[in-house]
Each structure stands twice: as structure tokens, then as C-alpha cells.
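See structure below.
A, B, C and D are the chain letters, set down in written order, and residue numbers restart from 1 in every chain.
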Amino acid sequence: MERLLRKCRIRSQLVRECMAECLGVYVLILFGCGSVAQVTTTEDKKGQYLSINLGFAMGVTFGVFVSRAHLNPAVTLSLCVLGRHPWMKLPFYAFFQALGAFLAAATVGLQYYDAIRVYGGGELTVTGPTATAGIFATYPADYLSVWGGVVDQVIGTAALLLCVLALGDQKNSPVPDGLQPVLVGAAVLVIGISMGSNSGYALNPARDFGPRLFTYIAGWGVEVFEAGGGWWWVPIVAPCGGALLGTLIYELMIEVHHPLRLAEEQMPRQEPTEGKMGLELEEDCEKST
Amino acid sequence: MERLLRKCRIRSQLVRECMAECLGVYVLILFGCGSVAQVTTTEDKKGQYLSINLGFAMGVTFGVFVSRAHLNPAVTLSLCVLGRHPWMKLPFYAFFQALGAFLAAATVGLQYYDAIRVYGGGELTVTGPTATAGIFATYPADYLSVWGGVVDQVIGTAALLLCVLALGDQKNSPVPDGLQPVLVGAAVLVIGISMGSNSGYALNPARDFGPRLFTYIAGWGVEVFEAGGGWWWVPIVAPCGGALLGTLIYELMIEVHHPLRLAEEQMPRQEPTEGKMGLELEEDCEKST
Amino acid sequence: MERLLRKCRIRSQLVRECMAECLGVYVLILFGCGSVAQVTTTEDKKGQYLSINLGFAMGVTFGVFVSRAHLNPAVTLSLCVLGRHPWMKLPFYAFFQALGAFLAAATVGLQYYDAIRVYGGGELTVTGPTATAGIFATYPADYLSVWGGVVDQVIGTAALLLCVLALGDQKNSPVPDGLQPVLVGAAVLVIGISMGSNSGYALNPARDFGPRLFTYIAGWGVEVFEAGGGWWWVPIVAPCGGALLGTLIYELMIEVHHPLRLAEEQMPRQEPTEGKMGLELEEDCEKST
Amino acid sequence: MERLLRKCRIRSQLVRECMAECLGVYVLILFGCGSVAQVTTTEDKKGQYLSINLGFAMGVTFGVFVSRAHLNPAVTLSLCVLGRHPWMKLPFYAFFQALGAFLAAATVGLQYYDAIRVYGGGELTVTGPTATAGIFATYPADYLSVWGGVVDQVIGTAALLLCVLALGDQKNSPVPDGLQPVLVGAAVLVIGISMGSNSGYALNPARDFGPRLFTYIAGWGVEVFEAGGGWWWVPIVAPCGGALLGTLIYELMIEVHHPLRLAEEQMPRQEPTEGKMGLELEEDCEKST
């Protein structure tokens, strides 16, 4: 059996990394959107908003445990800007992250097929009392202006990057390796608890666009792009801006002030150890074998 | 005292392992079904659906802490297929796992005897507003078709195995040994939060069949096998299929792509270190002393 | 300052241990009964039953972090029976544990003085819609018979000891030292979630009797001993029986079957390392300096 | 990029520490007050009191992860009294802690601008059914007398310091370094669960005064200082008293009784290792490079 499986080994590092991104986001959305489906279709009887927060948080945790991937194009972008990840890989990562989210949304749609059908009375609607599109992608609250939504997503994603960079910075918080996925999940949890009500804390272009595309294809129709005043582009663009802002704040206020060890001052190119969750370098090492 | 206890030491490794499986599942069901009993008989006043999720999650955690066992025939089956566990032991494991669940259900029945009697008005019913059979075994939601239920259990158990195999794979996520039971519990928690509403996330043939047998014997009668369109076989068969699917996905997408250390390439038979929760090998070592 | 404090150092080991037990239970009850007070006086608006479970669980966690003490006469009793703790110290431990609970109940009474007064309309009642005695001690649910209550407390405390002994058994689950208090708290959490509704999961004679005595003195009157059919003795006696039962099950089913390392077989008196939470020996070492 | 950022490095240790305090409290209040904003403006639909407790708890956790700072003038004061922190720095720390809280409150105000406007019907009120000032600063419950409030804050902050000092005391609980921020957050969680209903558990002069000042300036007006019978000074003064009380209790009942290692008895000036969260000394070392 082991021997048989070994035959399937893929030697290209990029393909392996893309596959990991795809599976990681798949796990994230499977648990995240699954929890929204459960709360929505049971009308809060088998879960509440806190369950949704926990679903996405632990989705991130297990997504990282399973794949050790970035899971988020905005995170990959920040690492590229910081020079810790090759720009060339960015489009591949983003595509496979969105693909994973799309496939997971399809799985949730399959698993909750009966529930969604009965809850919506046979209709797949984007707005109204039995809307089910919100299971998959995010939509803004009624009161929210588009610019309010942009501000909301920029602040949320900046907060996410601030936490993720701190957790991955070995000179700041010496988090045990095996617990970083748990703490990254905790960061997503607290953001969901404190910044979730305005527009559903997408924080991640792939998390939002993949499932939205699924709903477009699967029968919710073009309204998924029109609802909320054409909201769909906000969770794609704003998280990228927010990620860069959070990265800048962390670098300027904390990271550049770490005292250098002598050896590092002389060999500055040894630095990039502090990739996302401190795993970047190890990943590269292992994968390049 | 110590000396007296030592007299009771059992030398057969298989008996000791079966006893551990039995006690481990006992703890799982004692806490898991106990939390359902509490929520059901207090009509959500002393707990909600999240308590039930936490009860089963922490039941798994402490079941593993107490016994370091598999707790789940579907997990044992997967490990057999992977060649990490002897096939010969599978029926023994499965029997004692179900026995532990049966005994724990009896204990919960005893502990909540007064509460169940008063809540059900003296009747033990499987369906209806004061049904109490759902405290022990799982039943599908009204809207769920049998095939929908099979899909639900396959997806759920596949997700469980994906997480459990990742947590136990030392080359993937270097989780500290003592925290693996906590994280396996967390995987059960997130599955309960995101995949619990369709049919109660049995995910485990022993967890469902043992308590169902108890209710059959204890007075709920044959309806426990008839309800939900003869639902009882689904949580036995589907989790096994799901476990194999999840194992296959993890092996094909992650595990086979780990770079081999040189030594391992030459000595491939040293591999089986990565048993369930990484403890398999140590267990064998200790138990075989 | 440091120098001044050092003057207050107490050299008697027993006095220091008793002080630690007193402070540890104080912290447990301050958080535990505090959370009941918050939920009761706000009528579930600022907390629910889960908050109470979390309050007692984290009360145990921080009680152990602060004091590294047993916190529970039933636990001390079990350790005495196992020969890991001197019988001579048992009455001192039990007294100071109850004293800590009494003082903490008084503190909670002080902190919630205004809230209790307003909630109860100026009356301190043990039963009825605005009863407040349940903030401090446990009372059985209406439906519970006395023997049902005894069974409930025996099962609950046996489950507690099973978990605590497993967490402290270095040959079973190698839990990182600094996380044992967290996991002992988790055990209390899951017991509260799965066994709390019958009679409030006292599990601990000191936790129940100290605060009950406080309510007797502070104005709730003799009814605190009469309510629930003279319930007060159950959470004193039954947890002791349950603790012994749980200890026996753990020893017979798990601990005696651990393979001995050769050195230990020859020097059996080196064994008692596995005290409660694995800290027993270190404590003795440190304290005896 | 790395090279560019490095240009911004600040060499003054005090400035760097103040910046860390400012950013740390910013994170704390961003998540903490954010969660209150979410619960308030959605009328408990997207969160409950427990979310607020989690928001502040995880706000503290990530505040410490990001900045490794004290986050609380009352904590800084206690460390000064213990001789583990220079008095000279106290006013700088306190100012930047309050500044961080002020800026975070402004950010929450910006992020929830639309939500607060719609919820309050366009009015910014301090009391009444749609009051929104409580999103930012704490106000006492109707029933609470001022002295009851002082007692409440003294007890709460004493409990906080008791826990924080125990977690940072390497001779007591050997908590893994990377988990101390999590456990400090847990202490804040349990205090919120058990002592939150009287007056909102400020426990921290900076946490309360900074956001209150923001509401004063941003349009809630002078009533933020007048409400609750001139409540505003209580969360500034009482936490300082409580912190000193908790410190005294911990030192007298636990810390002074730790056995000294021989080396330390001879070189008592080597002691100050046990700063807040055990990180004090390392911080000084790193920062003074």
C-alpha cells in the first residue's frame, strides 16, 4: 500500500505547493461555510454566530495543519512584497486557493443539498428572509455603504496580518511550532467576534470569490454579483490593501526594531527565516528536496 | 496498595489494548451522550447545541488521554488499510469499542434516570416532542434522504480522517505529543459545528451502535432501528467509507509528497512511525514490553 | 521591597502547603461562584450556563496555577489511599480547602452585595424564583431523588479522578507540565457540560461546604441545610466515594498495566512520581528545601 | 524592502518600549471594544456577552503577542513597586498605553461608523435604550453604588494580578513561554465571566480612560464623565489599588515561600527574572542591545 502510494509522488515543487494551497483552502471553506450552512438552515437552533466564528477559525487551523499553506492570496501578496516569497508564484497560489474554495463550496452545497432546498422552499435566493447565498460568500449589512465596507475589510485584514506576522516572528513571540496553526485560527476567531457584523469578515479574496463563483454557477444566478450594490469586488480588493497596511505597520513598529544578532548584521541575506508562521523556510527546504 | 494493584496486571497485550479501547470509548460516550442528555432534559436551559459539540469533542480528548486508544472502528480500519495496524486485531477492537459505548450509554441512562423519566412524562420515545432516544444514538433530520445521510457521513468522516492523519504525521505538523488529544478533540468540535445538523455527526460505528443497542434493550424498543427510514445502518457503513476516502485524499495529496530523508529511502520498513496521533509506534513498544 | 517580603517567609512546610490549598480553593470559588452570581443576578443576560461551566473550569485552572495545590479533599483522599500523600496531612488539607472556599464565598457575597440585594428584592432566599443561595452552594434539581443525587455525584467525581489521574500519569499521556492545570480545568468543563444539570456538579466537599456555611451565617439561614431534602451531606460524602471509585478504575484498567522500566522493577520505592498532576514529587522536593 | 525598512530603526530603547505599549493596547482595544460594538449594534444577534469576554481576552493575548508589552498602567505600577521596573518609565508607559487605547477607540468608531449611526438613530447617547457610549468605556450597572464599584474593581484587578504574577513566576508554574499570552488572556476571560456584570471589568486605567476621552471628543459629550454618578475616576483609581493588593497577596502567600536556590541566596540581585510574564528580563536584554 505504502509502495503503491509512493508511485503517485509528484516531483515538481510548484505543483505540490499549489496542491497544498488548494487542499488547505478546501478544508478552511468546508468547515467555515459548513458552519454557516448549519446555523442558517437550522435557524440558529444548532449553532449561533459564535459557531460560525469558531467554524472559520478552526477551518483555518486545520487548513494549516493539513497543508502548511498560506490559504489566502492577500497573505501571499504580503510575503511577496516583503521579499519572502517569489512573485512568480503569486498567480498560481491565488488560482489554486480560489479553486480550493470553489470545490469546498460545492461540497458544502452537496452536503447541505436537502437542507438548503427545504429551508429555501425550493428557491435559491440571494436576499430576503430565506436567502442562502450568504452561506457561501459574504454580503454587507443593509446599513453599510460601499466605502464603509472597504474600510471594514482594510481594518480587518490589517489586524489579521498584524497577528499572523507577530506569531510567525521568532524574535518576537517564541510560539511553539505545533501551536502556530491554533493561534492563527484564534486570530481569525477574534476578528470574527469583533469585526464580523458589518460585512462578514471575508479577509481573503479566495475565500470569497471561489464560493461566490460556485453560487453563480449552481443556480443563485447573477444576483450574487449584483447584491449589496455590486459588493463582490470589495472582498477581493480591500483585503489586499489591508494586508499591505498591516504588514507595513508591523514592520515599522515592531520588526525593524528587533536588535540584530551580530552574525546577522554581517550576513543579512540569512534573514528570511521569518516567513508566514515561521514555516516558510522549512517548507522551502523540505519541498526542494 | 501499589503492590496489591500490581497483582492485577494483565500480561496479554491484546487484552490490554482492548480494555483501553473499551475504557476510551466509555469516556467519550459518557461525556458526549451526557451532554446531549443535559441539553435535552433541561430544554436548552443548561446548555445548547454548542455544549453538545464540546461534550463530544472533549469526550474524545479525554478518551484519548485516558486510554491512548483509537476510539473508532473506522479509524482502526483506515490504519489497517495503510498497513499500520494488524488486520487480525480489527474485530476485537471494534467489539470492545462498541462495548465501551454500550456501557457508557447505560451509565448515562442511570445518571439521568430521574431526568429522562420526568422529561418524557414516564415514556421512552424515539420520535415526537419529548423523544429521548436521540440522547444516545443519532437520528437524521426530517428533511434528510437516506442518500443525503450517506453523503453527509462520508464527507464528515473523511474530514475527520484528514485532520487526524495530519495531526499524527510528524513530517507535516510537528504537534507536541501531549497536545494531540486536544487537537483531535478540536477536529471533532469543528465537524460538529459545521456538519452536525443533518444527522448528528456519528462519524463512528461504535459510538452509534453501542448506545442504540442500549436503548433497544432498555425500553425504547425496536423503533430505534426503524426510525428515520431504518437509519441505523448508515452511521455504521458510511463512516467506514468516509474514513477510507479521507485517508486516500490525505495520502495522495500530502503524505506521499513528503521528501524522504536519505536513511528512510534505504530502509523503507522503518516508516510506520506515523500511526494515529503519532502514538502507534510508542504504544506498540510499551505494550510489547 | 524584596528584602522586606522575604522576612515573612514561613519555614514550616505544612503551613505553607495549607496556605497554598486555602489560596487555591479561594481562586477556584472566587471565579466559579462569581460566574454563577453574574449569570443569576443578570438573569442570563451577561452569561449563560456555559459561562458557569467556564467559570468553574478556569477557576480550577488558575487555582492550580497560583497554588499548585490539590483544591479538593476528595483528590487528597485518593492520593492518600494510593500511598502518594501522607494520611496525617489529610485533615489539615481538608480544613484549609474548606476555609478557602468560605472566604471566597464571602468575597463573592461582598462583590455582588448590591446585585444580590436588588435581584432578590432585599430577601436572601434558598428556593423560589429569586433564590440566591444557589450562587454559593449546590442544590439538586426538583426531579432528583436523594439516591439519584448520590449516583450523580459518584459518577461525576469518578470521571474527574479518571481524567486527573490520566493527566498526571507520565507513562500514559506526556502532557507538558505547564499545561496540566489547563487540562484539569478542561476536565471540569466537560463534566459541567455533561453532568451539571442534575445537581450542579459539586464534585468537591470543600467547594460545597465552605460556601454553604457562608450562606448559613450570612443570612440565608438554616434552610441552606434543609433544602432539597437535607441535600447538604450528599456533595460531601458522595464525591469521596466517587473519587475512590474513579481511582480504582484507573489503577485497575490502565496504570497497573504500564510496562515497568527495568530500573523501576528493582527499585519500586522510586515510583510515587505520578502524584496528582505529576507535580506531587517536585512539590515535596521544593517544599522540603 | 528589508533594507528600506531597516532605515526606520529607532535606537532609543524607551521610545521603542512606548511604541510597543501603544501598539499592544491598540490591539487589545481594537478587538475588545470591537466586540462590544458588534454585540451592541446587532442587538445580540451576532454575538452575546460571552463574545465580549472573548474579545477582550483574545485582545489581551494578541496585544501581548504583537508587542510583548504590559498593556496596563496598573500592571506597570505593580512591577515598579516590586522593584522590577524603573519608576521613571511609569508616566511614559501610562501615557502611551492610554494613547493606544484612544487611537483604537477611534478606529472602532470609524469601522462601526455606519452601524452606530443607524443603531442610535443618528444620536450618540450615553444612557438609554440605544446608548452607544458603553461600546468604548465602562459604565456601572444601575444598582451599583460607587463604593460597590470601587470594591468590584479592586477585587477584579487583584484577581488579575494574582493570576498574571503566578503565570510569570517560573518557580511556580513552568508555563511554556509562547503560551503565556494565551493564559493571560484566559485570566481576563474568566474575570469577565465571573466579575463583568457589575461595572464591565475595566481593570485597567488606560483601557477605560483612552476610549472615554475619544467618546468625549467624538460627539458623546461631557455626559461620558458625568454618567453613573461621575463614574469615570473609579476605573482609573480602583484598578491601581487592586493591582497592589493582588501583588501583595501573591508575594506574601506564595512567592516569598519559594525555596531559594543556593546561588540566589548569595547573589540576591540576580532575582528580577520574574517580571510580568517572565519576559521582563529578556525584553530588557534584547532592547538594550
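In the analysis below, a contact is a pair of C-beta atoms (placed from the backbone, for glycine too) under 8 Å apart; a residue touches a chain by one contact, two chains touch by 3 or more.
Owing to the predicted nature of the structure, the values given are computational and were not obtained by experimental measurement.
Touching chain A and chain B at once is no chain at all.
In this assembly, the chain whose C-alpha centre lies farthest from chain D is B.
When the CA atoms of chain B are superposed on chain C, the rotation angle comes to 90 degrees (nearest 5).
In the contact between chain A and chain D, the residue numbers used by both copies make up under half of all numbers at that interface. Look at where the CA atoms of chain A average out and do the same for chain D: the two points lie 29 Å apart. Look at where the CA atoms of chain B average out and do the same for chain D: the two points lie 41 Å apart. Chain A has residues 48, 50, 176, 179 in contact with two or more other chains.
Partner chain C is touched in their complex by these residues of chain B: 1-3, 5-6, 8-10, 16, 19-20, 23, 27, 30-35, 37-38, 41-42, 45-48, 50-51, 54-55, 58-59, 61-62, 64-68, 107, 110-115, 117-118, 176-179, 181-182, 286-287, 289.
Residues 48-50, 53, 81-83, 141, 143-145, 148, 151-152, 155, 159, 162-163, 166-167, 171-176, 179, 183, 186-187, 189-191, 193-198, 249-260, 268, 271 of chain A are the ones touching chain D in the complex.
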